[in-house]
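Pasting the structures here.
Both complexes below contain chain A, partnered by chain B and then by chain C.
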Partner chain A sequence: MNQQGMHFEKLKIASFDFTCCEGCQLQLANNESSLPAFFELLDVHAFREISSEKHDDYDIALVEGSISRSDEIDRLLAIRKQAKILVAFGTCACFGGVNSLKNRIPIEESVVEVYGELQVETLPVRKISDIVQVDISIPGCPVAKEEVERIVVSLVTGSKVNLPKYPVCVECKQQINTCLFDLGEICLGSITRAGCSAVCTSGKTPCLGCRGPAEDINFPAFMEMVRERGLSESDLREKLDFHNAFETYRNDET
Partner chain B sequence: MKLDCSIDIRHLTRVEGHGNIRIRVENGRLAEARWDVVETPRFFEVMVKGMSAEHVPFLTSRICGICSISHALASIRALERAMQVTPPPAAEAVRLLAMHGETLQSHALHLFFLSLPDFAGKPSVLPLLESHPDLVKAGLGLKELGNKISTVTTGRCTHPVSLVVGGLSKAPDKDRLKLLLDMIGERKAALTVASAFFASLDIPRFERETEFISLYNGTTYPFIGGDLRSTDGVLRDENDYLLMTNEYLAEPSTSKFTRCSRESSAAGALARFNNNSTFLHPEARKAAEHLGLRPVCHNPFMCNIAQLVECVHILNDAETLIAKLIDMDQREIRTQFTPKAGSATGAVEAPRGILYHHMETDEEGKVVKADCIIPTTQNNANIHYDLGALARQALEEGKNDREIEKLATMLVRSYDPCISCSVH
Partner chain C sequence: MIYKVISKSEFRKFIDALVRQNTSFGPRQVDRNTADEPIYQFMPVSSVDDIEFDYTLTTSSAKHFFLPFRDQLSRFSFQNSDFEQHVAYEADPVVLIGLRPCDISALNILDDVLLNGRYPSPYYLAKRKNTFVIGMDHLPLPDCFCKSLAHHTVSTGFNLFCSDIGEKYYLSINSSKAFTYLEEFQTEEPSCEDNCLMTRRRKLISESFRTEVDVTSLPSILDIEFESPVWDKWGAKCLNCGTCAMVCPTCYCYSVDEHFDIDLKGASRNRQLYSCNLVDFAVVAGGHNFRPKNGDRLKYRYYHQHRGFAENANQQICVGCNRCGRACLTGINPKAVINDLRMEKESCMTCVSPSPDRT
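Up next, the complex of A and B:
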């Protein structure tokens, strides 16, 4: 393929979904005005949600969702075997996501609550890197299409894939939003990785940390700030646990 | 006549989620026809327990990547009714517009990405970019408009940001609303292109008498709240959703099945149309006439057409709604409330049909118990029984394995199942 005078190989890409809402895959079909150009860069080998065509010789696998059943482990291992680059696609894949809230309750209790006596298999929720090696992580609930487009272009041109190291707070300030802490709310924007254009806080909704920790965050200082302001501990816990993205910091704390 | 045939489709493509079709014919007689949902369960009703009302819509919207606005609004409506919170009128208008955006996006996705390739004999929409560029462009234009409406009203097209219990966290920007008006005016041409194409299609002829269930308010085409009505003459209060659904387990499916007056019932665009066609915008009624859709229509393949008719309604109604919103005072967008104990149902018309969330709160406004009944759950039994009737009809017409398989997959796709959603 020739574009702007340069020769590129299309990416042999496949998209797979596990325990999730499929909202991240759906973003691939968004940004409609740039969609034909986006698909120009891709040679879609498997994408069950939108295509009946399927070839198993893909190089790049986008893996959406978390893992919560044994058949998913087998499917994931097979994908890892084929893929040269395995991408954890979205917050569920990167951190377990909202599905992880299930892990607070004994499995049997959950099954009985929803299915009564029917035996339904379900395992504690795990992120993709708990099972196989992940080469690239694209967090977000859902992923931001603009970031996915940038990463796809990086892969096509063979350049390095980077995520912002700074927190959402930076992007939020750039948009001259009033700080939600000043409005008496707890917001995870100061400890969460940017790249979402501060979409939640710009809608006056606190950041729930879907993109996981920014680099070199000072977690204890953040916790102290929340406590100093006398804000609700249970609200803080709900926010930190929402996407399971601060699991390591939470474990250190207790 | 064909004596034996075995169709075994695992993980049907071009639908949201994982479902299997199985049809077996022995000695010329139908031995088995089934629809099984094999999606991994997520247990949202368990996850939401103990969560504060403020966070609940952010969690339940994650039940579905396509109809997240519907899920957020169903939870919000249930919680507001449980805690007796009345949102300001401006917030209600924005919520309805958000529903329009989501429905348009979802219908365009289904019609052009999932359904159209069947009618064009292609595996996906991608080859159609070259063979039917104007049509695909029209579809993309409608989908983009839907997403834009959702983004302007809720902050993001998937997993809304500003829909909260009590109203909205932020009002939509009036300049952006004006731009939406321009965009709607310009995208009406896409509807004409789509209507002309769908009118030219040979929609499979198949009917199985069905009970259609949707919301009904007696004055407008319903999207948020109202009574529950069926084409068999049942009319119930929103809170009596359990009597309308009678959920049951259907092994080995991980999604439940439902029924009302018969062995199965249907929800979705066709059900809404069959119960409420008189409340459609005049332009949409005209489109229905042109496309040969009349109530009560019992052909599930016509769900595609009902979706297109709804797109016509949405573009026209959104225009009126946006004009009204631009003139509205948007300072009052959020009602402050004191959490309290209570329980109620919130029903909305998600793109794929009536969606129920039932929430029970404690005095701190935390969820004690939740129940969600998804449109696709309400269509599972109907899909299942339709498959049998369709296979029998196809056998009588002397169709071969490939033809039966194609018809069966098209039938399931016509329901636009949202399987992850149904196994929440």
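Up next, the complex of A and C:
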């Protein structure tokens, strides 16, 4: 591809799923209007949801899902070895995601609960960066296609990959939404990274923090604010733990 | 200025005709809060019945009709190794109904910043010129402090201003457009009684304020209190969420970014309203952040609002609507912060030893 006197190479890309719903990968096939242009930028080497082609000489690996079995670790290590850029793709890959709910009960109990007699080998859920080095994180449950498009364009053109550093409140207020705290809800929008166009809160659903913490959040002030309003402590914990995205801050709490 | 009075029923006919023929926005109730109080916002309206004339105040200001939260500044199209830049300043005509005096004062301040400076903004100008502004007075909320900044009345910056004098509206007509529109409706010269009612209304509004913030000498106080522990105290509460700046009628700071189109055949330059409270507002090339602490960032919002512009243009940017104070999740508000700064100064004076007697 030539543009502005410059030559751009297509990205040799492969997409892999681990413990997840594959919903983030499905987003790649979303946004029909820009789909042809999007795939013009990509040379797809492995991506089972859209193509039966399979080659192992990819440069960029999109890794979706969390790690919850030992064979997944081996597969992930092999991907890391091949990939020049490894992308943690979606909330499960970035933080563990909803799957991390499993870590709250003893592993023996969860196996019996889910599989009954037909028990399988399973591990506590871990995020991708617990196992291998991650070069780019694209959070979201699911990822926002517009953001993925922007990042792919940045990678093709060699420009800097940026996620918003500010929280969801900015995007929510830009849409003239009523603050969900005014309606008596607990919303994680003020501590969660923006980039989702405040899609949940615009539909009056409180933010569950799927995009993880915004840069340099004031977690103690947030916790105090929720408590001062007399809102449910258990609802707060439920929301903070939902995607396991605030693990670091929760562990720091006394 | 030309003054007229109009009966409330005729006024509704006038507004209805205006609204039906133009893209219009007015105050509407969008929700009720946990205290069962209505929440209002400027929303699209298509008939007079959509408009809540007796609303209190919108949660968000009317700023975004003039300064969109996100705006495309220009488009680029590439041909071989050359490119063409396309800039469009067109703005569709819009009617805005029900702006409060503080909202209109805010527009006048934005005019000073964005039109009357050395580099006027054509984007803002197009929207300002193509917006028909109808103001309406109101009794202040308990925490409104616009009177402290003399923005509880306004005499310029609108097309038409309506004061509620009971059975009628007292109209201040400030543009030929408004005058022409009104000619098709039945209005009268204000009678002596109407003028009395208008004076009484003004007095009632002025006497209804329950919050006062002493903003005199603030530029100097802020200079003196640059290192004050007050900033750490309030900074510790700040969530860096930018809500204050988003709902503010005058916060105009922005960021600009450029993006390739996905087909690489073009690009766009976009502006987004930003906030000095956001963590990367003062990050420069190379990654250095000039304001890494919450308190520093919060301080600069107050400095911009109450000091910087006051020194340069002899007016504070804050209009006293207290939207930021109401919207702040952790209760940071101008009244408390400014009073704290004043107290800081005054309490420190008590510990200063008296000057020696002159001999």
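Going forward, the second predicted complex is superposed on the first by the 249 of 254 C-alpha atoms of A that agree within 3 Å, B and C clash if a C-alpha of one lies under 4 Å from a C-alpha of the other, contacts with A are read in each partner's own complex, and residues count from 1 in each chain.
Keep in mind that, in the parts below, contacts are C-beta pairs under 8 Å (C-beta built on N, C-alpha and C of every residue); 3 or more make two chains touch, one makes a residue touch a chain.
As the structure is a prediction and not an experimental result, all values here were calculated from the model.
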Return fit or clash for chain B versus chain C, each positioned on chain A through the superposition. fit
After the superposition on A, what does A:V132 contact: first (chain B), second (chain C), both or neither? neither
May I ask you to decide whether A:I79 touches chain B, chain C, both, or neither, giving the answer as first, second, both or neither? neither
Between chain B and chain C, whom does A:F18 touch in the aligned arrangement: first, second, both, or neither? first
After the superposition on chain A, what is the angle at the C-alpha centre of chain A formed with the C-alpha centres of chain B and chain C, rounded to the nearest 10 degrees? 110
Name the contact category of A:C179: first (chain B only), second (chain C only), both, or neither. second
In the superposed model, which partner reaches more residues of chain A, chain B or chain C? B
Minimum CA distance, chain B versus chain C, superposed model, integer angstrom? 11
Of the residues on chain A, which ones does chain B touch that chain C also touches? none
Within the complex, chain C is touched by chain A residues 1, 3-5, 8, 34, 37-38, 40-41, 149-150, 152-153, 156-157, 159, 165-167, 169-170, 173-174, 176, 178-179, 181-184, 189-191, 214-218, 221-222, 224-225
Which of the residues in chain C come into contact with chain A in the complex? 30-31, 33-34, 39, 41-43, 59-60, 64, 69-70, 78, 80-81, 83, 236-243, 246-247, 259-265, 273, 275, 278-280, 294, 327, 329-330
Complex contact set, residues of chain A against chain B: 17-27, 29-30, 32-33, 35-36, 39, 44, 47-54, 68-69, 72, 97-99, 101-102, 105, 109-110, 113-116, 118, 120, 122, 141-142, 199-200, 202-205, 208, 234-235, 238-239, 242
Touching chain A in the complex, chain B uses residues 11, 13-17, 40-43, 45-47, 49, 51-52, 54-55, 58-59, 62-66, 68, 109, 113-114, 117, 123-126, 129, 140-141, 143-144, 147, 154-159, 161-162, 164, 169-170, 249, 251, 254, 420-421
